[in-house]
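What follows is a group of structures, each given as structure tokens.
First chain A sits with chain B, and in the next complex the same chain sits with chain C.
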Partner chain A sequence: MKKAILPRALAAIALGSASLFAMTAAQAKEITIWCWDPNFNVAIMKEAGAIYAKTHPDVTFNVVDFAKADVEAKLQTGLVSGVTDSLPDIVLIEDYGAQKYLQSFPGSFEPMTGTVDYSKFAPYKVALATVEGETYSMPFDSGVTGLYYRKDYIEAAGFTPADMQNLTWDRYIEIGKTVLEKTGHHMLGLDPNDAGMIRIMMQSGGEWYFTEDGDLNISGNAALKAALETEAKILQSGIAKPAAGWSNWVGTFTSGDVASVITGVWITGTVKATLDQENKWGVAPIPTLDIPGAVAASNLGGSSWYVLSSSDVKSEAVDFLNEIYGKDVDFYQKILTGQGAVGSLMEARNGPAYAVADPFFGGEKIWQNFADWLAMVPSLNYGIFTNEVDAAVASQLPPLGKGGSVDDALAAIEAQARSAIQ
Partner chain B sequence: MRTRHSMDKASPRLNRYFDVNGWLFVAPAVLLIAVFMVYPILYSLWMSFQTGRGMKMHFDLTANILRLFSDPMLGLALYNTMIFFIVQVPVMLILALLLATMLDDKRVRFRGLIRTAIFLPCVSSLVAYSVLFKSMFVQDGLVNTTLLDLGLISSPIPWMTDPFWSRVLIIIAITWRWTGYNMIFYLAALQNIDKSIHEAARIDGVPAYGRFFFLTVPMLKPVILFTTVTSTIGTLQLFDEVRNIMTSDAGGAAGPSNSALTLSVYIYNLTFKFMPNFGYAATVSYVIVIAVALLSLLQFYALRERT
Partner chain C sequence: MDLYFQRLRGGLVYLFLITAAFLSIFPFLWMVLGATNTSADISRGKFGLGGALFDNIVSFLAFADVPLILWNSLKIALLTTLFTLAVASIAGYGFEIFRSRLRDRLYRVLLLTLMIPFAALMIPLFIMMGKLHLINTHWAVILPSIGSAFIIFYFRQSTKAFPLELRDAARVDGLKEWQIFLLIYVPVMRSTYAAAFVIVFMTAWNNYLWPLIVLQSNDTKTITLVVSSIASAYYPDYGAVMVSAILATLPTLIVFFLMQRQFVQGMLGSVK
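This part shows the complex of A and B:
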């Protein structure tokens, strides 16, 4: 008797799964999405999916959470091999890599120029996803930068929040030295293998590794030179606590160790996660480079959504992105309050959430500030080889910290970049 | 029965090649090897003559090979790999040989326990131990705090932010991981050496170091050759440790000033981090093939049997 149970159970499972297949075949409207930060864009995409599903009950969402490097590796492998079954319907791509994907995998991404009204978005986000007149992205978050600082530490060193406004980098380093001397806290955490700080400074000076036409722009790049000089000063002054890798760097400020953080607005959620530090943080504009035309605003990272042409639900995917990310102002208020995401849909900034004072930051209207700074960010062409040049720049940072010459570093970056971008 | 019959007739040597049953037995294995080994190797050779970006590839016989010779990153990767190879392989193998000889001595107590303890690292996952090493060796990690508290150093050692120390760290990590593995080979070989040879030498008055250098080492020669070749291959393919200990995700370098950039990490960057160029990446992977072949030939030559 007992022996008969197994085949019967198997038959039941087979029947059950057969009916399950039949059901999915009837609906067949699942949109698969790849993205990378569970507290940020994954949570935001789930929110967006829930809103869309209310009016479109036939569409379901499968938001897959990978590390960013894994999303990129899997996407590149899938596109090169031509095995499109394994690819998602929508993928998140960081803005620095957008042109690389669009230009080296032509036809793999779905243009949305006909559907989405791009005039409603921040122009720099649209430009970086446009190739030969067609725009391929749903612009998502901005990486507008700010200077987050610990009010308690700088006050202990004899400064006020007013001293943190309109800084030059030299003044920032000076304050950092005093803070280190009086409180024992380093001014910032810095990973000498990472060129992120250089990119922030360079973009605030209005230049990039490439010219508007995509030619390499290293030896004559005044903003890059000033950025390297400033980074060398910071490294030599001893105000930076060396960090190894991303999580170690995040740890420098979540542990309460350092007195300030200069990075993109997307870090706000992480800063606010340290509940014991409530009321201790303030946000100011980033320090200004000492070159003509430099502004106190820049950008770091930021990403956009792309629909793959191989998707069998691409029209639904485009419609979903356009309905939520392209039009829904309330949605943008929700993700600003919930995840600290500053979107690039311009009209969203007139919404109520942007005017709210944040109690964590002692009642400062930080979102309004970030929105104002966003309008000042110089618009640039990131080109298709940012990662290559970035690696070249990063490898020159340790010698600069030891007193190496900036001109030698520029020459070395130029040489390494030239060979890497062929 | 038919095969038995034909076997009687045809010459036995040629018959081997026409035995259908034999072919049927090896067919699944041959098929799998062909699909998953031979085809990818041939295809990567074909790919190494393609150049371009992403999907826009075209055939060019010389472009990638010429690029190899003008690529400073490849030069750096080769240099780093060679440093790891020249410093780490001898240190590890000598350490393994000494440990094996000591643990072969019956007078040592808790031999089983020590042997297991030294062998255990190589059972651990490459990624898991790399992540552990990373957390132990950061600026205010376990290692620096311990050394500071013991008063051995006055300021923290910049394990991950200084080019020299980052190489030291990688060498410490792989030595920790692989010494026990090589020791096991030596131990097994030592147990095959006839004890009476050592006893005879001892009675003849040969001192302990003499017995080690003139008896043990020569008799271990085949195993030393084997461990040297496998360690060479392992070091030239060094990837997991560097990728997990040294590389930050955000477009950074492999270690400070790329001081830990190895050939495998460079291939990974060319494929997944930089502009996807599978063609050039395949060409660089053949650099490893050639390097391994040359070094192994050299080692076979150096340790050949002299008659």
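This part shows the complex of A and C:
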């Protein structure tokens, strides 16, 4: 008799708790979405949900926000364990990690090739989420890059905004030296332990850490070599103010310290938050690498939406994404104005928000420019192990800055990458 | 001359202690000062009081249902602590007091489980919780932490100081075994309980990885998850992050200061 009490008590606790704490069984048409950044992705998804719900009153949305690394950990656990009812219906995945999930968990994500008209999107955003002819993503925000520069510092050094157009990296470094000499301001902030700049330059050269077939592409990668050489020149020229980590790097330009920033379009909101610098900024295309086929457009970061195959409302989820993100030009105007998000739907650029001349940038139509550059970003296969190779590249940047040889760095990156991805 | 050296030594000791104290307190100071500054000032590295405390609190309150989140954390931490203390103290008491052939073998196996990293248990545990339909419930966070080998170990070590004469006297007086535990052992060992309370409460409150994996919706989240989520924005509102960090730290500080004396006593051994 005594022995039976404990299991019964436990069972009672378990049952009681299940009814007390368990989420009530999802209503017929609730779409659950996991994403990160309350001010950006979460706010945008809530906006999208509100628009869709107007014409589909039977569908409700549950947008849950976790940190990016947390979304990845939860998604990974759910997929590995096979406990699919723990997974959301739609999840946001960073573009660099897309192939990893698609190839490691075949059948877990819903292909949308038949539903979505992918020809309307920036080609590189579609390519990165395509496996064996099937595309699995609703392409979302773009990290199309630009060269943000301080007109006042440039002019104080004797240059004009026209001098900032169509730059090569060598010319950029030259201007940087003059600016530093004449104004005392560094040309850019640079975290010597972060490989973001290398990725920007490499993609503008049309190559990545992996070939189209997914093989490691280091020693014969002309774009990567040129990027490392350029980064070494920048580090050695002294035009870069070293930054330690993200917030420190952001501080280099929000404080008015440096004369330019080369990064993804998503930084625009942060630049514009420095109200005391109104009218002092301009935006130009990024400098081009000195190799055949290099363009003045690239990408940094960005992410896309995916529908889980295990979802019991997947047809609603796909329809929702297609109706809003796949067609609604007005929606893209709203999120551009509200969150500064540049989507990947090409026709969105024809909307009024993209045509606005931004007073902060002295009346430049920066969104039109970014939309132009977006179409030029080279398409690549980001592969499964971008983050692993990226760490190998980052570890070689400090020696490069001290005058180390680029060929040695490439060899070291190749060796470290091979051991990391085996 | 001796006096001179003594003073010099005293001075050096104080210098060392002041440096160490400063290093421990600095992050707290930074957190508190940060909560009063704007995000831009914080990333600029401003060190001083600012006027943005109210704005930061408002933006944090807008970000999450703060009372609910704090209640979730508190509920999980308190229930985990109560259950853990109950289970672990009985186990520790049993391991030390009752002799059996298997006792020490079992105990060794128990201690071995301390060496298994949690990451290795995560997937099987997640599958278990999935089968029990406990995912996204607070019980999924509480249940796996109850059988804490470390706290059982701690109770067994402390029980070594429990005078067996007390137990024998109680037996002579006709108390049953469970009565001896409840009426004699628990009151005598209260400092041990207090110390264990502080340890388990803090661990449960600060627990991050497991709640992150099993809690799925905004209304079941704990404060640690909210801090992580708010800090992960592309351009975080550092002021609000600092406010959330203060709220996440405060309860453990309060518990620790309230129970500081008992904690130290418990660490030194309950029975004098």
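In this text, the second predicted complex is superposed on the first by the 393 of 422 C-alpha atoms of A that agree within 3 Å, B and C clash if a C-alpha of one lies under 4 Å from a C-alpha of the other, contacts with A are read in each partner's own complex, and residues count from 1 in each chain.
As a working rule, a residue touches a chain if its C-beta (ideal position, glycine included) is under 8 Å from a C-beta of that chain, and two chains touch if they have at least 3 such contacts.
Computed from a prediction, not measured in an experiment: that's the story for all the values here.
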Worksheet item: Of the partners chain B and chain C, which touch A:250 in the superposed model: first, second, both, neither?
Response: second
Item to complete: Name the contact category of A:394: first (chain B only), second (chain C only), both, or neither.
Response: first
Discussion item. With both complexes overlaid on chain A, does A:194 touch chain B (first), chain C (second), both or neither?
Written reply: first
Worksheet entry | First, second, both or neither for A:73, with chain B first and chain C second | both
Worksheet item: Does the superposition put A:38 against chain B (first), chain C (second), both, or neither?
Response: second
Item to complete: Give one of first, second, both or neither to describe whether A:183 is in contact with chain B, with chain C, with both, or with none.
Response: neither
Item to complete: Considering only touches as defined above, state whether A:60 meets chain B (first), chain C (second), both or neither.
Response: neither
Worksheet item: When the two structures are overlaid on chain A, which partner does A:273 contact: first (chain B), second (chain C), both, or neither?
Response: second
Item to complete: Would you check which partner chain A:85 touches, where first means chain B only, second means chain C only, and both and neither mean what they say?
Response: second
Fill in: Contact residues common to both interfaces of chain A (with chain B and with chain C)
67-69, 73, 77, 80, 248
Worksheet entry | Touching residues (chain side chain A, partner chain C) in the complex | 13-14, 17-18, 20-23, 32, 36-40, 62, 64-70, 73-74, 77-78, 80-83, 85-86, 88, 247-248, 250-251, 254-255, 266, 269-270, 273-274
Worksheet, complete the sentence: In the complex, chain C touches chain A at residues 40, 42-45, 63, 122-123, 126-127, 129-130, 132-139, 209, 212-213, 216-218, 220, 225, 228-238
Worksheet item: Can you list the residues on chain A that touch chain B in the complex?
Response: 67-69, 72-73, 76-77, 79-80, 96, 100-101, 103-106, 108, 191-196, 241-246, 248-249, 384-388, 390-391, 394-399, 415-416, 419-422
Worksheet item: Can you list the residues on chain B that touch chain A in the complex?
Response: 53-56, 67, 70-73, 134, 138-139, 158-163, 246-253, 255-258, 269, 271-276, 278
